[in-house]
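After the structure tokens below, expect a handful of questions from me.
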């Protein structure tokens, strides 16, 4: 059991209950689609697992360890083992594509030579060969989204959280990206992906967890349900 | 942090300073200006203290010896004066010497004597210098009470004027110094905060991808230190350049003012100024960063 | 003929040809889908029509008037008659939902009382009733996207440009938004919408302009083509 | 812009100042400090000029009349002196008056005369005052060349000292003033630029939704003006408070310094300072905005 959510509730400061008593187990190596209407709580759940935020009650265990009270050292370790594609990308717009991807590796203090090898590798995987030096601000929406993906997978994380990673991509590019995710998943990375794309969910026969108003309303293998 | 970490951290600090271009320049310039003026006033206060002490204790207290006192008793009087507390030096001035001292105001000694029908009107006197300016009036009072001293004179009004003037100048100097120091602190705080805010997004991203707090802090710390260092070095350099020039000018044109030699001051003053500058930069950046690092 | 692009070419400073000799006519009251792979030039074309940027050569006419050299007055008039949903939203994150929508009306110096009536109206249309006071930073991805739509339609523009307005929305919410667009279109607003959503394009039988590498490769009524 | 436009523009300027909280405070404080000190030095320079002129032209040039010249020729000499260029006043001082003037240094006139055997050694003299301090040495030279004048005296060394001291002080005052003015300009430029950058996104959105340039500019302009206004008002207030206190202190403790009455200065100085402050704020914000408005 890699990730376990136990009675997780998240009430935001404005009184809105984004997650309501969530229980969820995800095994190592699983591929999980998170679906649900806009505002259902998908991003909130990812934020909690990634420890960007804390649950109001309940707890989240990663590799059997509760992540609510971690030292700085442990938080750093957790984050180094997770990759996140944020729904709003959160790229450094003025920096180059290379720098945006390399930041993951720099932060983990990987030697420069390794970075110079690894960055072009992931950029190739997301179909952005030759755009290394371009500042992100010059990229199209879909290109930015792929830079965000490249950043998340650059250090080969154990867990990959992807929040709506194909929202700005055309069907063909989406499918290529999905193939990449599946490939990464086959190399033992657990993938948790929030998506609205009916076609994608239907095409890959994976576990689908559906949220509605902060509750899990369905958790099954197969197609898209709302 | 390992050595690879350092190789990312150091260039980043400088690139941030470079990218902000004229803002960095303006920040350094204002910090340097305020520190520079702050230093000038500090040096001024130091020198006022030195001058005031010197000038004020230089005031001469003249005790005229009553004409009827025979020369033999002079020694006794002299030792009584010497025994007064606060006396630093004591000289006997005969009526002839006294005449010589005032003569230049009227011509030569001969002319003056001539014009007075060959009679020197001055009595014999003792000239006393005090150890401290505060002691002057006490000594004068006690001397006047001594038997054999007919009259005591000292530049009462001048001493008071000088005292008032230098202490006013000193007070103004310290207030201005404090204001400029406050301005410098604000400026460093503002600059580091702006720098942190401008890179808020970058800080967050670094946290999310698993950078340690020190990895994130380092470039900002370095930036703050460089800012403080450059600002204070410029200020110290400019201040001592000006001080050096001013000393030369004062030495030839305002020789009544005594300026402490730069060589005796610069080490302490520079160390303090640069130290404070660097510390301010470092603290400023760490404090500005703090709220972003508790994620 | 409301919008006309004549031999429009856009070469960015980095040498990349985003649009290559585009000719396009759009009639008043039309509803046009712009499709094409990521990086095909859809957003660039919208930016040129909205005069956020200028073509390298060729010209764009709106209502028969070239928009390459406009006075400040004319630019303002053009923008007041256009509404844009940006692909990356461009909302003021710290401001409230209300303020973000109201800015369109404030900028056109509409009286406060009218703003107080109009803003809740459009928020209702996009399904964000009761979230007026929430700062945008507290909203989910899909909710933000709908705020961006609300801002674009608040002053009832003559032309509505929507760049990927359903990328962060679930199928159901997407469909509701599309119905709103069609309704607006029925009230004589010309709608130009860049999208990757195959389902949407297939569902509405509208004109579809497909771009590929900066060229128009198809321009026909009907379904999705790549 | 219509009246609705204004109702959006004005509150926005103030909300921006409020939201930035202590940054606004720090900015206003540093601007006020630099302007305040700048004003103090300006007032100092004005007063130095006034004092120097007064003191320097107060220097007395004494021309001693040769003993052999008969009283009848005095008028002729007097009119020759009066005709010299730069002479502002001319007084005849008889030997008796001369004695009275120096007597206080030695006791009473009688004592002094007594001690000199009843003979007054001083010659008759003319006392001349110059219109300007620069004229002093010229007048002295020309007087010395006149027939019937045996000797000319004036406080050569004091005049030179005073001249050197006041001009050094004046120079330092102007340099410090200039530095502080530069710092103030930088500060206003930095503050307005930060404010514009912090709201870059908002500016862009406003452009896109069809706001006119003036609609966008107004809040920033207002913000800049408020900043300049508050900063300079604080500075002017503080400067004149200090000036007022200093005048009172100087009047009783340093009465040899003449300070111009605050009432004669404050209007011009405040108007200039506040005007410059407001102008700086306005220009700063317009310039910082310019590059964002060409969209």
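Per-chain residue numbering starts at 1, and chain names A, B, C and D are given in the order in which the chains are listed.
Note that contacts are C-beta pairs under 8 Å (C-beta built on N, C-alpha and C of every residue); 3 or more make two chains touch, one makes a residue touch a chain.
Given the structure is predicted, the values throughout are model-derived calculations rather than measurements.
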With chain C removed from consideration, the chain sets that still hold together:
one piece
Give, as an integer number of Å, the spacing between the C-alpha centres of chain D and chain C.
63
Between chain B and chain D, what is the gap in Å from one C-alpha centre to the other?
24
Using mean CA coordinates as chain centres, what's the gap between chain A and chain D in Å?
68
Multi-chain contact sites of chain C, meaning residues that touch two or more partners:
none
Take each protein chain as a node, join two nodes whenever their chains touch, and name the resulting shape: line, ring, star, complete or other.
ring
Going by the touch definition at the top, which pairs of chains touch each other?
A-B, A-C, B-D, C-D
Chain B partner contacts - residues on chain D that touch it in the complex:
23, 26-27, 29-30, 33-34, 36-37, 40, 106, 111-112, 114-119, 121-122, 160-161, 164-165, 168, 176, 179-180, 182-183, 186-187, 189-190, 193-194, 197-198, 246, 249-250, 253-254, 256-257
Footprint of chain A on chain C - complex, ascending:
12, 14, 35-39, 43-44, 87-88, 134, 138, 140-146, 163-164, 167-174, 196, 198-199, 224, 226
Show which residues of chain B lie in contact with chain A when the two form their complex.
1-2, 4-5, 7-8, 201-202, 204-213, 215, 295
What part of chain C is in contact with chain D in the complex they form?
50, 52, 72, 76-81, 84, 90-92, 103-104, 106-112, 151, 155
